[in-house]
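You will see subunit A twice below: alongside subunit B first, and alongside subunit C after that.
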Partner chain A sequence: MIATLLTPRFLRNALPALSLTVLLLAIFYLQPRAMSYFGLNLLLNLALPIAFATIAQMCIITVNDLDLGVGAYVGLVAAIGATWLNETPLLGAAALLGCIAVYAALGALIHLRNLPSIVVTLGMSFVWLGLALLVLPTPGGKVPDWIRAIMTLKTPFLPFTIYAAIGVGVIVHFGLMRSSYGVVLRGAGGNPRSVSRAGWSLLRTKVTMFALAGFFGMLSGLSLIGLTTSADANIALRYTLLSIAGVILGGGEFVGGRISPIGAVIGAMTLTLAASFLSFLRLPPDWQIGAQGGILILVLAFRAVINRAEARR
Partner chain B sequence: MTPTLRIAARLLEKPWLWAFAAAFFVWLATIVFTGGQGAAAVLTAALAFGTFSVIVGIGQMYVITLGPGNVDLSIPATMTFAGAASMKIMDTQDSMIFIGLLVALGVGVSVGIFNYALIRLLRIPPIIATLSSSFVFQSAAIAYGRGIKIKPPPVLAEFTTARIVGIPILAIFTVILAVIMAVVLHKTVYGRSVIAIGQNPRAAGFSGISVGFTRFATYVLSATLAGLCGFVLSGFSGGASLNMGAEFLLASIAVVVIGGTSVAGGFANIPGLWGAALFMFLLVTMLNTFGLGAGIRLIMTGLIIISVITLAGGKSTGR
Partner chain C sequence: MSEADHSIVRLDGVEKHFGAVHALNTVDLVVTPGECLGLVGHNGAGKSTLMNVLAGTQIPDQGRIVIRGIDSTDGYTVATAKQHGIRCVFQELSLCPNLTVAENARVMHRALTGFGWRRRAAALILRDLDEIFPGHGIASQEIVGDLSIAKRQMVEIARAFSVTDAPADLVILDEPTSSLDAVVAQQLLTFVRRHVAAGGACVLISHLLGEVLSTADRIVVMRDGAVVEVRKASDFDRDSLVTAMGSVAKDGDGAGAAYASKRADGSPKVRARPAGQVEGPDLTAHAGEIVGLAGLAGHGQTDMLIQLHAARPSTRHTHVHGPVALVAGDRQTDGIFPLWSIAGNITIRSIRHLLRHALIDAAAEREMASQWQQRIGIRTPDMENNILSLSGGNQQKALFARALASDAEILLMDDPMRGVDVGTKQEVYRIIRDEAANGRTFIWYTTEMDELKHCDHVYVFRDGAIVADLTRREVTEEKLLHASFEAAE
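== the complex of A and B ==
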């Protein structure tokens, strides 16, 4: 029993959950009052939008690409959500669908022309930000009541964000890790050549994953404005880097379609907690980003140690 | 074929020509619109602001040339930290300028060593390594700078904004820096090793090139140039600010790509950096002159970057 618990494989898979638990326990130790419905809600409130953005980023990473524009995209969705979606819901919904279509088209462009995704999505980040500024030139707007109602839902025992985050992780897990087409999608990142020789269209997998990223990015923006009640074009720019960090923290790897949806959600929660952890330590908030970087480095160091132990066997 | 034609034909094969041509046409469109007014002033401003993109662009180009997956995301954090640290240590005293410069460069070297240590010890992709270190150093800059804008020493401020017959002195120095780095890239063992590794790291290793050392030196070079850029930019813009590096993540990658350097690695192009930096600045100036808002301006910038890469990219990398 203990032997199986200490295998490198198990340790590596348990690492994301372990780091979240340690962080959570440290926070409870420093501030026991955080161990309540209200406390957890305050702590993990903003984890949901970050989790959605992280899942979006994970979809892109699955097919060996990287999205440097997801933060700006979430900002655009937030801007549309707080303006058009509220005033003329049909136009708003059409605009959001259009955004997802653009994402799908990006996937096609990157695949067909064999382009580096970093540069294309970097260019798109300008476009998303520009569009967001056109839709919402100054911070403000009004969030549709139904989004607000969903995000402030009072659920029993644990806050809504926790249920939602777990739900997202599980659904994406079954979609990507357990379904047969999910295997093909991940295989397109792991060994594109053999997937294509087996008769699957690589173009279709890329378009699917980019469209999924657009979809989850949209959920990120909508859930974000449900919490903040107003929008700003620059509201989520830091999500780009946070989402990459979240995927990696959750056990995803950069190449080869090795991902973990549940890990990604846990990674997003860990990053959210890392920021509040400092305030419990009474450290200046200046070090918030630094703490996220530190935890990322720490977890990666642990993983390197585990991998090395495995190689020695 | 006459000699002139042959020279013209050879010039057309140079990838950097397109960046300069684009910059020229954008400039032309701007001064046609204004009726010739401010033609020289726009060029001066483009040279001054382009300087900073070129300095960090050189470092980013060396890193990208190392091959797929190599990119330095810590440039903005390094610039901010180096700027804040050097301004604070100089404390507006002219006598401290040299020490301030050493501090800025020292910050750069340390960040570079830290980056490579992460890449090597944790065996993580450079993107993740430079990303995590950028979190740490951005925080360090925030904590160290504490949001106060410290003015640069008067002599440094004067030097970074000085001009000779309309040409910023800083731009002249950066052209010299670019020439030196071009020579290093094409004529030295180190530079050629960078290119060789970008083309095929295994073959480079088999032929006796020290892949590890070359990569180490390249990440240190990139961070050091970012530190230098943070130093001069703080002098130029009247002090270090906490978001001064923000735009340079995009700018450093954009000038490399538009300048004709291969994103797949193994093929670098220094003159293109200048062309691309001038183009990027002149493009924004043109869209401003046309009276377009910030939104349209950003959209156009993004679409142009994507168009350039779509037209230039798509070639097979030979593997």
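== the complex of A and C ==
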């Protein structure tokens, strides 16, 4: 009885994992050789930076904002990582910390002046891009060896990316979904007034979430250059929309503090795999972006159907 | 003053302005342990502002706030209030809908932290829910957004009474029973008496005067931002209370008038059967009738209204003849467009008739708005002001105006008088009767007994089905309660 009552809610939570599984099975069916350590590594190694960017975006969405600058920001981190961090590590580390501080300041600005985050972050995206071009005018640079070493770590049974993605999902899950302050952070997205009436500082929640976004955005940039070995200011511009799609695909919603960190990681992986899947289908590249959108619509339509079933209950 | 020694809170000459509006005018107030203070007054009399000052969410322009004999005016905030055990249940629900019941308890209590906090939060909120509302049927891990509005209110009340490191000495309840049915409301009022008997204190704000008279020890009457009367509850009765509020209410004006069936001729405008109902009476409504939907809250009345609203023109079990308009009960979520002007909120339902050359005729729109401002008495200097600039009662009037100004022949009302003051209610009742006399049909879900006296027919709902069909002559409180509870006995 109770099990059947819970079905739609359970389905809704399981949908991201379900979509990933279906996609993975389809890929294995089309290309059995992908079912190997090497194959999985090839398929998924770019998923980790996207997962980090998605988590960054999710932090912002938690407090009912949207970050349209995360792609450019990841590009700036990549540029810094491939130049200063390698040549003068202290300066590089200071610059990266500075970036996180700017993110925190953006949160404060948006809260105090009551500005629309879309406008602020879109404006900032040009600043990030400009700075990245100043740091690294032409593609190139050299990635510090330790980053390279981490990203090419050979782990037993499954590729490093998978362990890392699971680790990120679980850590953020405990931080935001299970910890007691995480509840307040999510509450600030659900009903800010209620949270401030209970005596919490909304400024602090916003600054915390933006700083976290800056931190995960940094991890995204560093993990990306660990894979590519060199950087380019424009390397991650498409991450902005990918990260938003990843959050939504993972069961999050744009407003109301409804998020799912594990879902977001899965969403990022699904998006990465969708691209490979379409290549395996030998779909002409012209059609791929449209088809990727099609997959997104399909999953979201499923969610709408589940929500309806739940409402009818 | 001897009270100062043991009072929980004393307000001395508190004043508060909002622009030109004098919301609080030198208000003095004392709350002592072991008493329940009733606070009554019209919408806009300053009750909510006073409560916000007590809770620390609004800072008074002048005056002193003395807590347990210590002047705490400077730097008085929500945190100070909480520290001293002053809690508030606000009129509009203030839980986080995306969090679970237990997580909402955590948002309130800083002490719920560290290892095992989830278990402690769940135990805390469930203990208070069990104590105040036995048989509530709420699980601690349920998401608040999935709960009915009544259950949300129960959670919020239980949360206000829950105690961790800070005490809950004074709990302020603003319209706590507005979404609760009679049984649950009684559970709450009984608990309030227990809380008070144990040395706590309560401030009870309510438009249901019977509730205040039966529960409060002292009653404070407010009018136009000032306290006009403070007396023991036993010195008041319903009439003297209404007089003190300066209300224009004439009890039973036209209500309970002789019943004459309007069903003699013509076919019904509405005939419907609740989705889950197999046998029993259908709901019928003829032109010019006011039909009431009664029963305990959440037993299918709102679903019935939605079914009627969705069934234009007709489905198998639902026949609706004529255009329909709905007056929402949950103003904030289903009713108003919070970013729009008052005029825009009124005319939206009729926009199709205000077109000229495929564009909205601004002059006609303005005219409709100002016409309805006068007819229904919306108190604002300018209909172009934002809808949120109105008090709750006036917002509700605007929603009525939206429905009445439309071409609808059938008006569905989803308990629209929640938290509306007596004077406004009487004005709206009069308009409803006039419009019914003009041939409009009203289908009215209400949780208040008094409102059912305006109805020609009352259908009692239980578990999603109609269990009784009473004419106005037959409606009594006993009969309604009997019909609402039959199954439980």
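Please note the rule applied: the second predicted complex is superposed on the first by the 307 of 313 C-alpha atoms of A that agree within 3 Å, B and C clash if a C-alpha of one lies under 4 Å from a C-alpha of the other, contacts with A are read in each partner's own complex, and residues count from 1 in each chain.
The criterion applied here is as follows: a residue touches a chain if its C-beta (ideal position, glycine included) is under 8 Å from a C-beta of that chain, and two chains touch if they have at least 3 such contacts.
Please read these numbers as outputs of a predicted model, since none were measured by experiment.
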Key: Partner chain in contact with A:133 - subunit B first, subunit C second, else both or neither   = first
Query = Which holds for A:170: it touches subunit B only (first), subunit C only (second), both, or neither?
reply = neither
Request  = Determine, under the contact definition given at the top, whether A:66 touches first (subunit B), second (subunit C), both, or neither.
outcome  = first
Query = Per the overlay, which chain contacts more subunit A residues, subunit B or subunit C?
reply = B
Query = In the superposed arrangement, which partner chain does A:199 touch: subunit B (first), subunit C (second), both, or neither?
reply = second
Inquiry  = Contacts for A:309 in the overlay, against subunit B (first) and subunit C (second): which applies, first, second, both or neither?
reply    = neither
Touched partner set for A:190, first subunit B, second subunit C, both or neither = second
Message = Tell me the contact category for A:293 with respect to subunit B and subunit C: first, second, both or neither.
response = first
Remark   = Within the complex, subunit A is touched by subunit C residues 55, 57, 77-79, 82, 88, 90, 94-99, 103-104, 106-108, 110, 112-114, 117-118, 145
Message = With touch defined as at the start, can you tell me which subunit B residues reach subunit A in the complex?
response = 69, 71, 73, 118, 121-125, 127-128, 131-136, 138-140, 142-143, 146, 250, 253-254, 257, 263-264, 293-306, 309-310, 313-316
Task = Flag every residue of subunit A that touches subunit B in the complex, lowest number first.
result = 66, 109, 113-116, 118-120, 122-134, 137, 241, 244-245, 248, 254-255, 284, 286-294, 296-297, 300-301, 303-304, 307
Remark   = Counting only contacts in the complex, subunit A reaches subunit C at residues 178, 180-181, 183-184, 186-187, 189-191, 193-200, 256-258
